[in-house]
Structure formats: C-alpha cells, structure tokens
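Structures incoming, each one as structure tokens.
Next come two complexes built around chain A: one with chain B, the other with chain C.
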Partner chain A sequence: MHDFHVGIEHITRVEGHGNIIIDVKEGKIRELRMDIVESPRFFEAMALGRSYKEVAHITSRICGICAVTHTTTSIKAIESALGFEPSIQTIKLRKLLLNAEFIQSHILHVYFLTAPDFFRVSSVFGMVKDNKETVLRGMRLKSLANELCALVGGRHIHPITLKIGCFSKNPEQKDLIAFKEKIIKARPEIEKTVEFFRNLKTPEFERETEYVSLTCPDEYALYDGNIKSSDNGETKPADYLDKVKEFMVRHATAKHAKANRDSYMVGALARFNNNYEHLHPRAKEVAEEMGLKHPCYNPYMNNIAQVVETVHCFEDSISLIDDLLSNGLQDEKAELTPKAGRGVGATEAPRGTLYHEHKLDENGKITYGNYVIPTGQNLANIENDLKSLVPKILNKQKDDIILDIEMLVRAYDPCISCATHLMKVEFVNE
Partner chain B sequence: MNENSKVVIIGIGNLLLMDEGIGIHVINELEKYKLPHNFEVYDGGTGGFKLIDLMHGTKRIILIDAVETGKAPGTITTFKPEDVRSIYPRKKYSLHDTDLLEVIKMAELLGNHPEIEIVGIQPKTINYGTTPSKELRDAMPDIINTVLSRIEEVCSVHKLARERS
Partner chain C sequence: MTKPRVAFFSFSSCEGCQLVVLTIEEQLLELVKLIDIVSFREAMSEKSDEYDIAFVEGSITRTSEIERLKTIRETAKTVIALGACATIGGINCLKNQFEMNKVKDIVYGEMADNYDTIPARPIEAVIKVDYRIQGCPIDKDEFIEVTKAILIGKKPRIPDYPVCVECQMKENVCLFEKGMVCLGPVTRAGCKAICPTYNDGCVGCRGLIDDPNLSSHKNLLSEHGLTVDEAISQYMMFGGNSKEKYK
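Right, the complex of A and B next:
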C-alpha cells in the first residue's frame, strides 16, 4: 500500500483530545504525529500557595490508576525539601503499596487492553464468550492487588494512610500474614497468566532507543533510585532536569521529552533493560519462558515486561511482608518543621518514571511545582517508533496496519485522559 | 453484616476538575448526615475497575456521578444502568478511559448482580479547580435532599434525618 492516510482517534473518551495522523504517499511518510490536547500542567498551579501537608492529597487525585505513585512521589518531594528521612518501616510499607499499584495496573493493562487485540475484538468484553475464565482470572488478580492496596493504603482507591513522614495507620500484622498466604495461593493463577501471554504472538518489530528508568545498586528500582539512561549513566533525582529535557511541539499541549537522543522510552521495558539483574529470580525465569530476552528493543514487548514485573512484584511483596513481620510493626509519628527549600521526588509509576518537584517558602507553602509524567516522556518515542514501523508494514492490509499501529500505542498504555471520566450517556428509550 | 441488608453508596469523580468531582463532594456532604448503620459510603474517586471491589458483596448500590444529559446544570437524573448506553466508542488505548457502565458490566460478569441506581448530576463546568461551579454549589442542598430521598426510596428505609449529625 503506497498511499495511505489514517486518522485514528487516540483518546476515544475525550472528544478532540488526541489523534494519530499518518499520511503516506508513494511509500514515504509525509506526515506522522500524535496530537495530544491535554496536559497535567494545570494541576501544578493548584498546588501553589497550599501547605506542604495538603499537596499529596491534591496530587493523589490526578489519577485514580496511579494514585499511589503520585502520592508517594509528592511526599518524597516534600520530605526531600524539608530534609526528612523516613524510617525503614515506612519505606517498606510504601514499597508494598507501590507493588500493589503495579500489579493492579499491569494486570488490568495486559488482560483488558492488550489481550483483546490478539483475539481481534474491540474490548475485553469481546473475549468473554470464548475466554471467560481468562478474563475472570485477570479480575481476580486485580482484586487481590486492590485488597493489598486497601490493607496498606487504608482504602481501595486514593490511599489515605500514606502521609508525609510515616503511615497514619499500620496494617494489622494478622492481616499481613493472611495476605501473604493469599499471594502464595494465587501463584497458580500467576503461572496461568504467564502461560496465557506466552502463547500470544507479539508483533515483530525492533527499534533500539534510549531507555530511562530509576536504578538502585541492590534492588529492582521502583520506589527510589538514581535516574539511569541506557546511553550515558546515572543522574541524581534532584538533577532530573539535566537528564529530562522537556520541549513543546506544535501539535500537542502535552510537553514531549528527550534526554540524550531525540526521544527515549520509560516504563516496564525500560526498567527491564536497565535493571534486569535485580529482577526476582522467578521473574527472570518467566521472562525467558515468554521469550523476553535482555536487552529487548521491541516496544510491543513492553506488555510482556509488565507480566514479568507483575511476577516480580508479587514475589517482592512476600519478601517485604516477611521483613515487616520479622521486625514487628511500630506505630510511628513524624514531626516535620516547615522551612524553605526545594525537593524532587522520583518514583517509578507502572508506565514509567514520575517526577514531582516542589519549592516551599519558610512557612511550608508551595511556591513552585513541576510534575513530569511518564506518558509525556514517551510521546516522542511513540512517534519515532511509528515512523520506523509504518514503512515496514505498508504491504499489509489497511485494517492490519491500523491494528499494528494501535497495538503499538496501546503497548505504552498512555495515561493522558486520566483527568476526566465524565459519563456521557443517551437514554435507550428516548 | 448481612450482605442482603448492606447498601453501598459510591461517589465518583475527579476532585481537581470542578463539577467532575461532584460525586465526591456529595459523598463528603453525605458523611455529615446520620445514615442507617447498614449504609457504607465510599469515595470512589477515579478508580475505574477498582470500583468493582467496592461493589462486591452487596445487593444494592447507589452511584453518584456527574452525568452529561444536556439538561440545566445541577439537574438530577436518576436511572438504572440498563436505561442508558454510553455514547463513547468502545475501542480504547488506556485504562484511564474506563467507563462506569463498563465497570458495572464487569461486576456483573464476576457474578455480582446488585440493584444499581445512578444519581447523575448535570455539570456546568469541567475545568481545573477544586470547587464545583456556583450553579452546583447552589444546587447542593437540593442534590443532598434528592440523594437522601433516593436512598429512602431505593432502599426502602424510613425518612432520613435532614439535619447533619
């Protein structure tokens, strides 16, 4: 197909908020872009003038899927600004809560958004007829993670126990013991998940890019670490702007970002590529079983990396619970004194590295905020992937081309319309 | 608690987008009222499929959400999920697109068949801000009254106190 024009609604629930435009003439790309007309920038303005105590509650509301990560990152930025170091117990509880968010988000993404493409159905509901048990398994695993979220975070949605300094309420030890048993019991379900995704044929496509994630010397970095680029090493979170260079493009209000090259990738595959050696041994086995070899340059494999990380997070949660129980959970209080300062929090969200920067005045009021979200960082890379992919698939039928394009974008699980969920309905009998 | 008697009320929305968060504002207001002991009130935020876990194990659910019906701001429309269909296309790229009607459908798939009533409130302004529009703030007493009435009717409870506890 030498001439090809497609405009795909990218954000389907928010009219006019995003499209993929691809125009190919005589086999050459004349135009390829993702229009994004939405930005989280206004959330930063809402933080201005607020007390440092309030800001995490606000950022928790930016996104219902990544609420733990936004809250954690915000808290870390404030603690950094105030020169406060949380206790090991608090850090472990935060890591456990973050694991819950990763499992939930990854499981929902691979089962509900990725899997339907392989069955050529438009949504997970199309899979129900022939694969009901698979869909139910996804829901059961998601619910298990949500239960962990409620156990540690105090409620299922938008955590409430996660505070600056420490947790306002610890989970009960007996509940942690019971939950560990549930994870162990769920292992066969996790294995079936691996088996299911192993049997789906991921499109073959490779484009090596720059991979950016947090990194730690002694663990698979999700909660904290230096910023690592696969190109040129590590940077401290406080210096994130040396690494992450945001820029405006004409066709999107969301800023794009680059680091060493003209685009980079964040998310599960970037973490897998940068921190493979720190994955749980079972997660490494699973990667091999599913054909995910290190390093991997196929962005479609981001979904498989998400399954690998799910296994890692389940196993890591068992270790964290063991650690917490062996030390006994102590009720903690944290006294923080407001003062002027600047702090940066960097945390891995399921979709990639999230940065929150805040500046405070001497009374602890927010005077500046900057939030850099994973999807904004991935946008330029998605466009570059598409520019490389499209010429290679022009011999396919138009429907297949569109599916390949959609699957590629979906592999990144873009988090753009998290801001709104307004129901828009029509009445059946009117 | 006997799950046959449990009534779950969930407010839904984004508190950072003015009227989009009306479901949560109503829940926050509702928590100031003395409700029967078998009522559980939740802030569902923008939880998407996480809402299913709040719906589990109950036969009666009332969802409060901003709903675009084309009527005057603050207008309350109560309906059941089967009365409507979403006008959003089904194909999606992100979990962040999750539609409340899809959540209900998935909950049913999981074997939950609760009686669901949606109390929809017509928004005026969906824009960045933590307080609802003046129109919806002015309408709040009526909204609360209506929600309490719906609770009474849907759940066959005696008249609820209209004073805050």
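Right, the complex of A and C next:
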C-alpha cells in the first residue's frame, strides 16, 4: 500500500483523548503525528495560594489511574521543601502502596486495554465469550491490587491516608498478615498470567532510543532514586530540569520532552533496561520465559515488561509486609513547620518517571508548581517509533497497518488526561 | 425487551470515576447482561451515537465542550452527572479564582494567547441533569444502586443528610474533638464517611446538603483557628463553582 491516509480520531482503550494522523504518498511519509486534544486543566495554577497541606488533594486529581503516584510525588516535593525526612516505616508503607498501584495499573493495561488487540475484538467484553476465564483472572488480580491499595491508602482512587509526614491511619497488622496469604495464594494466577502473555505474539519491531528512569544502588527504583539516562549517567531529582527539556509542538495539547536525543522513553521497558539487575529473581525468570531479553529495544515489549514488573511488585510486597510486621507498626505523628523553600519529588509512576516541583513562601503557601508527566515525556518517542515503523509495514493491508499503529501507541499505556494538565489547543480538521 | 443503550462520556477530568465503574469488575459483567454499553472510550473501541442513558464525567472548561454536551443531552433520554467535576465543578474550578488570561499566563507565559479555556463549570450549568452521583471519586456501591434504580424506572435514593450521620454510625471519634477540621457537618453523605474514618477531615467532595447550616459550621471552623476566608477556601476546594453560596 503506497498511498494511504489514516486518521484515527480519539484512539480508544487509552486514558484521555488523542488522534493519530498519518499520510503516506508513494511509499513516503508526508505527515505523521499524534494529536493530543484533551482539555486543558491548568493544574499549575490551581494550587497557587493554598496551604502546602492541601496541595496533594489537588494534584492527586491529575490522574485517576495513578493517583497514588501523584500523591506520593507531591508529598515528597513538599517534604523536601520543608526539609522533613519521613520515618522508615512511612517509606515502607508508601512503597507497599506504590506496588499496589503498579499492579492494578499494569493488570488493567495488559488484560483490559492491550489483550483485546491480540484477539481482534474491540474490548475486554468481546473476550468474554471465548476467554472468560482469562478475563475473570484479570479482574481477580486487579481486585486484589485494589484491595491492597484500599488496605494501605484507604481507597484505591485518590488515596486518603497518604499524607505529608506520615500516614493518617496505619493498616491493621492482622489485615496485612491476611493480605500476605492472599498474595501467596494468588501466585498460580500470576503464573497463568505469565503463560497467557507468553503465548501472545508481540509484533517484531526494534528501535533503540534513550531510556530514562529513576535508579537506586540497592533496589529496583520505584519510590525514589536519581534520574538515570541510558545515554549519559545520573542526575539528582532537584536538578531534573537539567535532564528533562520540555517543549511545545503545534499539534499537541500536552508538552513533549527530550533529554540527550530528540526523544526518550520512560516506563516499564525503560526501567527494565536501566535497572534489570535489581529485579526480583522470580521477575527475571519470568522475563526470560516470556522472551524479554535485557536490553530490549522493541517498544511493543513494554506490555511484557509490565507483566515482569507485576511479578516483581507482588514478590516485593511480600518482603515489605514481612519487614513491616517484624518491626510492628507504630502510630506516628509528624511535626511540620512551614517555611519558605523549593522542593522536587521524583517517583516512578506505572507509565514512567513523574516529577512534581513546588515552591512555598514562609507561611507554607504554594507560590509555584510544575508537574512533568510520563506520557508527555513519551509522546515524541511514540512519534519517532511510528516514523520508523510505518515504512516497514506498508506491504500490509490497511486494517493491519492501523492495528499495528494502535497497538504501538497502546503499548506505551498513554495516560493523556495526565499529560494534558496543560495544553495547547488546536483542532485538526481532516 | 430491548436493552437500554448506555454511553459514558468524559470532559475535563482525571477519568477516575469511569475507572471506579471499571472496578465493579465481576458485577460489571452482570450489568452488561442488562444493558448495551455502546460507548466507553476508556475501555472499548466500538462507539455509537445512539444511546438512551448517558453518564457524563468531568467539568466544562472549553467553548467546544458546550456543543458536545448539548448534543449528548439531545440524544439521551436520561443524563447522569458522574462525580464532583460534573456535579459541583470539582477542583477544576480552582482556576476560576483568577481571570482566564491570568491562568493562561501563569501556565503558558508568552504563548498564552494560543489556548482556549473558559471558567470551569459543572455540566448542570450547561444542560439539565436528571440524576447526580456525587463524590471525588464516586462510590462504587452508590453507582450500582443508582444505576439499578434507573434501569427499573425508580427514582434513586440520594442521601440528604450530612456525612456526620454516617460517621457517627461508624462510631468514629469526631475529628473536631481531635483538634482537626472537617466539612462533614455540611456535606452530603453517601461516602460512608470514608475520609474521617481514615482520620482525615472531610473535604466536601460530595457538595453541600440541601439546607446546610453554614453559619454554625463556620463558627465551628473559626473556633478551630480558621479565618472566614480560610473556611470559604475549604468549601471552594471541590465546590468552587460559586463563592456566593458560601457567604
């Protein structure tokens, strides 16, 4: 197919509103872009003038799927501005809650948003007829993760207990003990998940790019760490603007970003590539079983990296619960004193590295906010992938070309509402 | 009997309320036996422009959204506002404290002129709404109850008593007694007092009850160290569509 025009309006099974426009003439791409048409929400302006204590209520609402990560990152930025160090117990509870969010987000993505493509059905409801047990397994695993979110955070969308300083209420020890047993009982379900995704045929395509994620010397970095680029080493979170260069493009309402090259990738595959050695041993085995080799340059394999991380997060949660129980949970109270300052929080969200920056005045009122969102960071890289992919698949039928393109975009698990907390509005009239 | 055709739409929001709908999980499979979901972009590829019941999430923040919302109203027999952004404006309205040009300037600087945004408003400021499911996010049990009632043609029962009633039923110690502040006394119940139960003050995400005693509540807040402006600022966090009603 040498000439074709693709205009996919409001690509489905992603979070938020985006369009894909591709024009090919005589086998050459004349135009290729992913339009982001999500509404602007102006989060940077919302928190201005409010107390540092209120800001996480607001920034949590950037995203329903990764509200735990937004809240965590916001809190870390404020704590850094106040010069406050949370206790080891609080950090472990935050890590446990973050693991729960990773599991629920990854399971939602791989089972409900990605898997229907492999069966050529329009939604997970279409998979029920022939693959009911698979769908139910996805639901059970997601429910289990939701339950862990609720156990630690009070609820899974817009967590309640996650506060600056410490948790407003600790989970009950008996509930943690019971939950650990549930994870252990769920291991066969996780094994079946691995088996299911091992048997799906991921499209073959490679394009090496710059991979950016947090990194830690002694663990698989999700909660904290330095910013690592596969190209050129590490940067401290406070200096994130030295690494992450945001820029605007005419066709998108979300900011794009670049680091060392003209685009980079964040998310599960970037973390897998940058921090492979710190994965749980079982997660490494699972990667091998599913044909995910380190390093991997096939962006479609981001789905598989998410399954690997799901296994990691389940196993890591067992260790965290053991640690928390062995020390016994103490009720905590944090003494916070407002003061002027600047703070940056960097956390891995399921879709990649998330940055929140805040400045406070001497009364603890917010005077500045900046939020850099994983999906925004991936947009330029998605377009570069598509530019490399499309010429290689022009011999396929149009429907197959469209499916390959949509699957590539979905593999990044884009979360467009998040990315367009600020945006440039331009309507595309095709 | 033909199944009612149900569509989900989202405007400016985090899409968290639609996500709550997806978390009803196994019950969702039961629910789809009773209805045809014809549009749910977050979860499926198929879409249709014919539907009987529309669930609408998000606030209206752009001129173009007004027309889209009116079309939904003209098409659907029943429109249900889903969550705080749609029912009371939600946190989107926090930007309304500034002139829109100022908001654009804060975020975009010299590129401000390229952006279209209008003061955020709940969908009811634009169209007639038949039912409201409150909260940020919505409560999944309330979603199921309201949906069931609509499907069998009954009026859903929405609480018109404050969060305090549910909080007391849970035998929680009142947060004011712990020296904290809480919007529970004036906020519509239905959330099972989830925030106070987890030792965090109610932030009013479900909006005011029909006849709130605001002056008495403001006195209570001032006894706990808040100025009148700070008290109003608390009400405005989620219910910021109209400052006048809090005075």
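Throughout what follows, the second predicted complex is superposed on the first by the 403 of 430 C-alpha atoms of A that agree within 3 Å, B and C clash if a C-alpha of one lies under 4 Å from a C-alpha of the other, contacts with A are read in each partner's own complex, and residues count from 1 in each chain.
Note that a contact is a pair of C-beta atoms (placed from the backbone, for glycine too) under 8 Å apart; a residue touches a chain by one contact, two chains touch by 3 or more.
The model shown is predicted, which means the values in this text are computed figures rather than measured ones.
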First, second, both or neither for A:M248, with chain B first and chain C second: second
Partner chain(s) touched by A:N327 [first = chain B, second = chain C, both, neither]: neither
Which superposed partner A:E44 touches (first chain B, second chain C, both, neither): second
Partner chain(s) touched by A:Q173 [first = chain B, second = chain C, both, neither]: neither
Which of chain B and chain C A:R410 touches, first, second, both or neither: first
Touched partner set for A:T161, first chain B, second chain C, both or neither: second
First (chain B), second (chain C), both or neither touched by A:Q397: neither
Contacts of A:E54 with chain B and chain C, given as first, second, both or neither: second
Which of chain B and chain C A:T367 touches, first, second, both or neither: neither
Chain A positions touched by chain B in one structure and by chain C in the second: 10, 12-13, 42, 45-46, 58, 61-65, 67, 108, 112-113, 122-125, 128, 135-136, 139, 142-143, 146, 155-158, 417-418, 422-427
In the complex with chain B, residue positions of chain A that touch it: 9-13, 42-43, 45-46, 58, 61-65, 67, 104-105, 108-109, 112-113, 122-125, 128, 132, 135-136, 139, 142-143, 146-147, 149-150, 155-158, 406, 409-410, 413-429
Residues of chain C that touch chain A when the two form their complex: 11-20, 22-23, 25-26, 29, 32, 37, 40-47, 58, 61-62, 64-65, 90-92, 94-95, 97-98, 102-104, 106-108, 111, 114-117, 136-137, 194-195, 197-200, 203, 233, 237
Of chain A, residues touching chain C in the complex: 10, 12-17, 39-42, 44-50, 54, 57-58, 61-65, 67, 108, 112-113, 116, 122-126, 128, 135-136, 139, 142-143, 146, 154-158, 160-161, 163, 168-169, 248, 417-418, 422-427
Residues on chain B engaged by chain A in the complex (per definition of touch): 12-17, 20-21, 42-54, 56, 65-69, 79, 82-102, 105-106, 109-110, 120, 123, 126, 128-130
